[in-house]
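One structure is given below, encoded as structure tokens.
The chains carry the letters A, B, C and D, assigned in the order they are written, with residues numbered from 1 in each.
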Amino acid sequence: MRPDKTTSMREAIASFVRDGDTVALEGFTHLIPTAAGHEIIRQGRRNLTIVRMTADIVVDQLLAGGCVTKLVSSFVGNSSAGSLGELRRRIEHADPEPLEFEEYSHHGMICRYLAGAQRLPFFPLRSYAGSDLPSVNPAIRTVSSPYSDERIHVVPPVNPDVTIVHAQRADRAGNTQIWGLTGVQAEAVFAAHKAVVVVEEIVDDDVVRSDPNRTVIPAHAVDAVVECPRGAHPSFAQGYYDRDNAFYRAWSGISRDRERLREWMAEWVHGTADHAEYVAKLGEEFWAGLAVGEAMSLPVNYGRRL
Amino acid sequence: MRPDKTTSMREAIASFVRDGDTVALEGFTHLIPTAAGHEIIRQGRRNLTIVRMTADIVVDQLLAGGCVTKLVSSFVGNSSAGSLGELRRRIEHADPEPLEFEEYSHHGMICRYLAGAQRLPFFPLRSYAGSDLPSVNPAIRTVSSPYSDERIHVVPPVNPDVTIVHAQRADRAGNTQIWGLTGVQAEAVFAAHKAVVVVEEIVDDDVVRSDPNRTVIPAHAVDAVVECPRGAHPSFAQGYYDRDNAFYRAWSGISRDRERLREWMAEWVHGTADHAEYVAKLGEEFWAGLAVGEAMSLPVNYGRRL
Amino acid sequence: MITPSERLSVVASRELAGRRTVFAGIGLPTLAASLAHLTVAPELEIVYESGVCGAHPSHLPETIADAVLITGAEAVLSMPALFGYVLQGGHIDVGFLGAAQIDRWGNLNSSVIGDWHSPKVRLPGSGGAMEVMANAREVFVVMRRHDRRSFVDELDFCTSPGPDRALAEGIRPLGAGVTKVVTELGILARGGVGEPLRLVAVQPGVTVAQVREATGWALEVADDVTEIEPPTGAELRLLREDVDPDRVYLR
Amino acid sequence: MITPSERLSVVASRELAGRRTVFAGIGLPTLAASLAHLTVAPELEIVYESGVCGAHPSHLPETIADAVLITGAEAVLSMPALFGYVLQGGHIDVGFLGAAQIDRWGNLNSSVIGDWHSPKVRLPGSGGAMEVMANAREVFVVMRRHDRRSFVDELDFCTSPGPDRALAEGIRPLGAGVTKVVTELGILARGGVGEPLRLVAVQPGVTVAQVREATGWALEVADDVTEIEPPTGAELRLLREDVDPDRVYLR
């Protein structure tokens, strides 16, 4: 009997995200856990530390929702589509309040997750030499190699209270399958004390078990499984729906204007009871525009003892 | 135009394995590159340093072939089926000559490959504290964390002159797909100066490209691709043929008796021109006994822009 | 007639009550874990050193990497993920280990008999044993043979050190080290750092004196040594009919 | 009529002659690499920061993680593998980077205008730029704008340091740092450690004095400044018909 870890988004956020927590949200352009971010905003969480390599729209929204005191990130921008208005106001003008920002490079963030997942006190990487970043981030240090006179930079582990990732599918026990870009999701989950996986669909055990190499996150690392179709919008889910590039382009304008941003949040986050309502509000015609066709993988034979 | 890296086993070994080289052969129980090992013996390579986590039958054969001066490993045994006769004679009695043995644990070996693949001067791990192993292996050292008063053990990188792995399939450019146990093959390849991939079958580009997540080793890390069906015998290739457990059990007896071992080598390695002859000599009835049935993975949709 | 393998499997299975993840090799540990899954630990997941999580084998596996463990499994991980994220990451409740020698602190030798530099017998070495010892919450040892050659006052070589030896070097491992040793004679147990293995239970018909005699150090004995409950009919039926019907390991 | 984007893409593509692996972002770098693949570097493979190797996109990608880069690709790697094994492992011949500011040593700022602690403009930050600079054999910069706001005497903040700055800290990076800067005015180049960027070529109709005037430091000029060959008909045809037929980036 494998345990059944399925729950609703509301229940998962209520149970696993508390005020003051360190929350990692991962997904590199692909499978961004937006719906989970919106539910955190709806539930009014406060004083969160958000850990996310690419702090993009969902982070700007969490900031606008008043949920975030501190950000740990390696890229703060709206992809290549422009700026994050709320984030820039917070950092450039402490408006409406300051934002503590702990800044790394991408590989630095990856190495923090790797150290966290592997219970290591530090992780070495060949970045930072000559950069000004260590001068504004004292957590970036150096270690001497015991094999030569070489020094190398290191970063400390990150162990979020909870990591939330989005995936294509999982079984009820939490075996999670991702294809396309898999990013740093497995490491972020293993680094966390608790992990919530949001999926496009919960599938039968047999589906997962027909292809165990597709399981990027095994059940024993997962605490809750939430089925939330289209929960990665405006990002994409490979094979399910495409990226909403128009929304990315629109976000710079929305977020630049404080009043427009407030209205957007009121209508689309606070004004929807849950992600199903958000999806319905966008409308079937909208979703048809993001639909994708079929490009099926060829099956492989795992073999059966005769 | 992707480069065509396909070649014969004879040519690959002649080009990429030179006397005195450090050669990594990986594959954890699954997909052991035995045929490559036999070709190294046939070509009479000398003074090799063999790097292999589980030094098992193929290592005992390389020792018996007189190819090896030094072994770097974390497990020296014939799986759970008994002993390696030649290896024990070399280590216990320096018979017919001593074998230099640099010993680690499994995770220590994995971390050496990780450091090698990532061009790191060392890799930390939570093993070795209190063990006698560091007292006989001075390469196992400690580093102090710059974040606490903690010390942690480290191992140095390994960068083999060449790594040889066996896989189910690759395209002609070297994009290599493995399913079932993937072990440490990718890391061993990335750690090496040159890499040879031996496969059950070379497939059309479209087969590989229908499922890019299945590619464990990308083409740019591979220097040669050799098609050699059944080249992992007596180990197995998931979905292609099963493990020859009877041969594993027999090996303890064969290798315990120096004369019987010499005869076995004369008949099966030196007495066959190549692996195709070895396979044919075993006979179709034999191979029928290792045949496996079908257990196909369910396809996933990668999606197509409409 | 109950065989020693059956007895050891059943006794070890009971010790897994309520555990969730177990790191097991092939043979008695797999039998014990599989039986526990059907009895005292319904949520138990066996994790194999090869990278397999949540296996559903069609046949009893012959190695930790048997093809039947892969087909139909819930997940197959690379070795860096298995050793780094799962094991060193602290996700294993109980690890099973074997050894040629064990001492009173649960330190294990699987490397050599004699001197490492010119051994009388060269054994396989650590494999992942050292990592299981350092990173599993606790370790169970199942030893068919209980005699002074295996239960020694001093190891020829310490491959996999318990936490006491690690702490002596100033490094704190995650787990408690060996907490249970199940043998043909009885059960030795220790609570954790600073405690030696003590005899806590004997197999039916075995005396405390017999166990002491078979142990190479001055074995401490618990105040309340119990007699191990013999395998029940239900346990034996599950073991013989469901876990190992072909009697691959129940020889 | 040739647009600036076309000119920059063609000029940058020529610099990729014979290279095998290029780490490119979306936009001009992708156009340049794709054109080079069809002309001077037939074996060229573009590696994307998202983890895609050997992409065969059905449409021109809008981001480095565009779904069309994944479907039909030769390999998709996790980020630890991409940054650890491929990039830090030393498998990238040429990395393309952009920046808000560049100095004479090819150091780059993509973090802030003003002081980091209270910036006038908060820019996106490093992303993987620092890693590309440290680990690619060399780095090409394509800048649409060539003016004193971008080509500065002193960076407001050094995000991605060239090897000279790293060496000053006693650490030797793998690559040569920025070796080419392609702009609307010309090409700056440097050979490696210890060498500043020098003007080596100008776009047709541009004078050395103009480039000097647009550069925020005392720009050194090569002895033999050449005039850049205008895009050929073949180059333009490939770019317009095969690489970006919908003129997504060739605006």
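Going forward, contacts are C-beta pairs under 8 Å (C-beta built on N, C-alpha and C of every residue); 3 or more make two chains touch, one makes a residue touch a chain.
Since the structure is predicted, the reported quantities are computational estimates derived from the model, not experimental observations.
Per-chain CA centroids place chain A at a distance of 39 Å from chain C. Rounded to whole angstrom units, the spacing between the C-alpha centres of chain A and chain B is 37.
The centroid of the Cα atoms in chain A and the matching centroid in chain D are 28 Å apart. Looking at chain C, residues 52, 67, 70-72, 76, 84, 88, 135, 174 sit in touch with two or more other chains.
Within chain A, contacts with two or more other chains are made by residues 114, 119-120, 125-126, 150, 152, 180, 182, 186-187, 210, 213, 238, 242, 292, 295, 302-305.
Taken pairwise by the contact criterion, the protein chains fit none of the simple patterns, being neither a path, a ring, a star nor fully connected. Every pair of chains in contact is given here: A-B, A-C, A-D, B-C, B-D.
Every residue of chain C that touches chain B in the complex is listed here, in rising order: 25-27, 49-52, 62-67, 70-72, 76, 78-80, 83-84, 87-88, 107, 111, 116-131, 134-135, 157-171, 173-174. Residues of chain B touching chain A in their complex: 119-126, 141-148, 150, 152, 154, 156, 168, 177, 179-180, 182, 207, 210-211, 213-214, 238-240, 242, 291-306. By the touch criterion stated above, chain B contacts chain C in their complex at residues 28-30, 53-54, 73-77, 79-80, 87-88, 91-92, 103-107, 110, 114, 125-133, 136, 150-153, 180-184, 186-187, 236, 238, 242-243, 245, 292, 295.
Interface residues of chain C, counted against chain A in their complex, comprise 20-21, 42-43, 45, 47, 52-54, 56, 58-59, 67-68, 70-77, 81, 84-86, 88-91, 135, 174. Against chain D, the residues of chain B that register as touching in their complex are 1-3, 114, 117-120, 171, 173, 175, 186-187, 190, 205, 208-210, 212-213, 215, 217-221, 302-305.
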